[in-house]
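Every chain is named by a letter (A, B, C and D) in the order it is written, and numbering of its residues begins at 1.
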Amino acid sequence: MRIATVQSLKVAAKKARSERESIKTEVLVCAGTGCLANGSLAVVESLERSICSRKLTAELKLGLKTTGCHGFCEKGPLVVIQPKGIFYKGVKPKDVKEIIEKTLISGEVIERLLYRDPNTKERIEEYTEIPFYSRQLRIALRNIGKIDPGSIDDYIAVGGYAGLATALTEMTPEEVIDSITKSGLRGRGGGGFPAGRKWKTCRNAPAETRYVLCNADEGDPGAFMDRSICEGDPHAVIEGMVIGAWAVGANSGSIYVREEYPLAVKHLQLAIDQAREKGFLGDDILGSGFSYDVHIARGGGAFVCGESSALMKSVAGEVGEPRAKYIHSVIRGLHDQPTVLNNVETWANVPWIINEGAEKFATLGTGKSTGTKAFSLVGKVKNTGLVEVPMGITLREIIFEIGGGIIGDRPFKAVQTGGPSGGCLPEDKLDLPVDFDTLTEAGSMMGSGGMIVMDDRTCMVDTARYFLEFLVDESCGKCIPCREGVHQLHCILEDICAGEGQPGDIEKIESLSDVIVSASLCALGKSAPNPILSTLRYFRNEYEAHINDGKCAAGVCRNLFSFEISEEACVGCGLCIKACPVDSILGEKKEVHRINGKTCTRCGACRNICAVDAIKVV
Amino acid sequence: MTKTCVDPKKARKILDRYPSGDGTSLIHALQDIQAEFGYVPCEAAELLCEHLSVPISKAFSAATFYKAFSLEPKGDVVIRVCTGTACHIRGAQTLVDELCSILNVAPGKTTKDLKFTLETVNCVGACAMAPVVSLNGEYHGNVQPGTMSKKIRGGK
Amino acid sequence: MEKTLVITPSRCTACKTCELACSFKHVRNGALGLSRIRAFMRGEGKNVILTCFQCDEAACVKVCPVTALTRSESTGAIEVDEGRCIGCGLCSVACPFGHMNHDSAMRIAVKCDLCKGEPACATFCPTRTLEYK
Amino acid sequence: MTNNKTINLEIDGRFFQADEGMTILEVARREGIEIPTLCQHDALEPVGACRLCLVEITHPNWKGWKGLVTSCLYPIEEGLQVTTNNPEIHTARKTLLDLLLARCPEATYIQKCAAEYGITATSFKKREEETTCILCGLCVRVCAAKGCNAIGATGRGITKGIAVPFRQPPPDCIGCASCAHICPTDTIKYTDTEDLRKIWGHKFKMVKCVSCGRPVMPEKQLEFEAAKAGLDAKYLTTCPQCSQDQTLATVQSSFQSKTVPGGSLEVAR
């Protein structure tokens, strides 16, 4: 089973490819976390049963595969039928029979399962033509949705581990580092530090032992790119890590995975076991004499462990408190040895760069931000899901072309990037190119790639309060400015959102934020005031309305508004009456409804369901 | 601290997976203990620390620092409301409030009858289906106020 | 050969100038420090001066958990690193002669350090009971 | 540090030389330059938690970049230029003490420190559960330095605290009370009676002075310390006062005109 040489890898790849080619029609079912939640497993089981019972596998040369996340999570469960690329969304087990009869046997397309463009109302047959996909360029996500993450042969068939073979046999470690440096690859986890420079420093640091680690802790709420890669293409991460280990001279390492991602852990473990069996991990990899092995470290559920020094402490079995990094972890990291830590997406890019060449990668994107970036596009946007685009594309293109615009065509208010350390950008920043430096300049940051779209029903003060609450909960508590300071910022915002804001609160927030930024120990604290500072920068009027007028125009801060049904707009459909969890809406059918303000909890269920936008904030 | 009986055989089985004296395994082993017992019982932690030659104070610090661990037994049904950003702006807080009032517990707590534990989690990575609630690991997407309560009531 | 503090008890009048000199030398925060030397009046020719013997194999050094006690290379005296001392008092118990003192206000151990080579007690001793030579 | 390379640096406009591996704080303290600290102790690993020792650093090669760093942790480097106080640093220290005062309004030590910055009452919201613990972590570190590791931090963020494992009397505690002695705000309490020391929920039986019967230290500590120092426990069972009395008596009985030179007596054992 072991693939001991580059030659035998080539043979194995050829065999795997020909096996794939013998399949005439392939049914790919998404089994990412999103689709699983929508019931994709039942679809797979049903397909399996039907196909096997009818012996279709042999007759039609049919293949059935469960894949990682296709990205278009909201429309799941997703089924793609290759080679035509027919894209079915929202597939239920009861649709399976029809899919087999019509599509697989007769070659017909089932109209009702096709995706319908919300703007043009047209049904689209092939997934490559759906705007959500057609504007994307997938490098880190290149194999996801195309291969079975549980099969190393599938990965080898699409050229997997060829990059590792090239690196080990045709390149010196220095050449690998040069290539990564030339590609301009920067860390995708948030900091955007040039990967080549990091690797070089690590290689040059004198030491007996070096480590190569992967950060799959993805703590930013609203981001799930790394989860999807680990679930959908785990071998790409492992291959990238082995290449990196070869380059820096490391012989062991860990993948630090969030415990909230059980499926990612499962798939990574399976992939590691397979890679070991094939000899891509362990001793004498591909006959090169080089050894590297990796094991999984499950995170304990702490956002701060995304910070490199905290992560390394956690890997070493300790409490994940960051330390001051006056000596960088590339020089003194895990067990005080030189350590390279990159995140999942960064590692997944590495084999592609070796295979396709650094120049090709460097021509993508903008000057200092090369290549592509995966984003999780979520929030109040029509097409939520996972997208990968070349750097330099504008926020407007991502949100309105790929994302299809705002749900219900409501007004756009802001987009939040960079997770809790990032910021909220308003409409007039939508034409900014998305790259590391531009976003930072605008007061936000690239972060790991969460992109949360907000409409006019999102309160920016509440959003800032939300992030601070998150950070109060996630601060390790070691240093005073972060522990006490962020808590105090949160207290002030709680007061403002509760309608107890005082004149002078904004100034107090600003001066305290300054100290937190300059005095905190680690990046978590130093960036903790970002959500508040960026919303103050672009949405100061909302803060002032909360404090001075006692109004929350977005209808979020419950003490600062009430709901009213517009007499002109209400059609008396009764939807809101059904939706109200506290029975506070009264009215007869076809008559104007009324809200009982005394019992209304202002949960907004009525406003969400109203089709004619009759529920107003006053 | 609730006095509980920990089956030492079960604990021993977990310990055997880790080389004795290797303190770096502390968190992994605690995770296994959490998975086995549903919480980290003091007795199991003591056995573990002896096995790994780690002071018990370190195990306690880790068990209280990381969210994955609980020092008290959890309910039969663990309800986790995702409060990630995407879920928040689509109304996760309303769901939390609602569940708190139905179950009469604060987030992070377990009902007296040990049937339900209500937790919030900072993003399960299923943002596209926000707001998300998971019941014993099974995800429910696009949950509207009012619908969750019926599910819980049905189970109660 | 390094100098030592030589005590000739027969000359001692127990005038306690040494204690005073020591306290003045170790003024801290504007207050007189604890004297690290004690003079006991026991009658003519029987007065006793007690201060640290700077033992070769010192128990205080041995028990200190944070190596706050070290021997000075220049004077041979065992000195307290006041920054390092955690005030646990173990050295006081360990000293078989009862020579260690404890500054309870500062929560640190206090002992004779031969004034870094210029012992004030000897300098000010009016009867040459204490000599540094 | 094996190689004692000499580093030249500038602190507040004055030039100094120091060994490589020293921190800014160590050099500043050596030169008598005052930098405030709360969580620092020479005998314990610096952690940089209180942030009071912030100083501004820059370097001729850094193209004008400057920033605040914790002097207790920052290793000196050639050509470094340090400013130990300026308006920004002062504001930061003042705000930090203000924040601490909101956490510990009743801690007299913090009141005193804050008063030095002109703060008599916090400008922030007082904590609901008042405490005097400033979470400097000295107690945990001293316990670790003693080799006991009996206590540790619990929780994280704003609910972080210092606690005994599983809220039970800590099995590794020897009752030495070093944690209490080092605590700058006297948060850790213990009581001694003739027979017992009570600390962290434990009741430790005291060893009594063989001569006068006054309590010397807990039995458990005696056992621990004797083993650690490689001494027979009997050398640690006389109280300091009795040791002195005995020395006095011995000296008195033995001399007529004998001299007792310093550094020449061996400890009898």
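Quick notes
We take it that contacts are C-beta pairs under 8 Å (C-beta built on N, C-alpha and C of every residue); 3 or more make two chains touch, one makes a residue touch a chain.
What you see is a predicted model; the values in this text were computed from it and never measured.
Looking at B-D and A-B side by side, the one with more C-beta contacts is A-B.
Subunit B and subunit D have Cα centroids lying 37 Å from one another.
For the pair subunit C and subunit D, the distance between mean C-alpha positions equals 24 Å. Between subunit B and subunit C, the centres computed from C-alpha atoms are 59 Å apart. Multi-chain contact residues of subunit A, defined as those touching 2 or more other chains: 302, 319, 473-474, 476.
Contacts with at least two other chains are made by residues 58, 61, 65 of subunit B. Annotation for subunit D: residues 153, 155-156 touch two or more other chains.
The list of touching chain pairs reads A-B, A-D, B-D, C-D. Per the touch definition, subunit B reaches subunit D in the complex via residues 1, 42, 45, 55-61, 64-65, 71. Every residue of subunit D that touches subunit A in the complex is listed here, in rising order: 47-51, 54, 67-70, 73-75, 88, 91-92, 95-96, 99-100, 102-103, 123-125, 134-135, 137, 153, 155-160. For subunit C in complex with subunit D, the touching residues are 2, 4-10, 38, 40, 42, 45-46, 48, 50-59, 62-63, 65-68, 76-77, 81, 83-90, 92-100, 102, 107, 114.
If you check the complex, the residues on subunit A that touch subunit B are 33-34, 36-38, 73-74, 218-224, 227, 259-262, 297-303, 314-320, 376, 378-380, 384-385, 416, 419, 450, 452, 454, 458, 463, 466-467, 470, 473-474, 476, 579-581, 601, 603-605, 608-609. Interface residues of subunit A, counted against subunit D in their complex, comprise 302, 304, 319, 323-324, 326-327, 472-481, 483-485, 487-488, 491-492, 508, 511-512, 514-515, 518-521.
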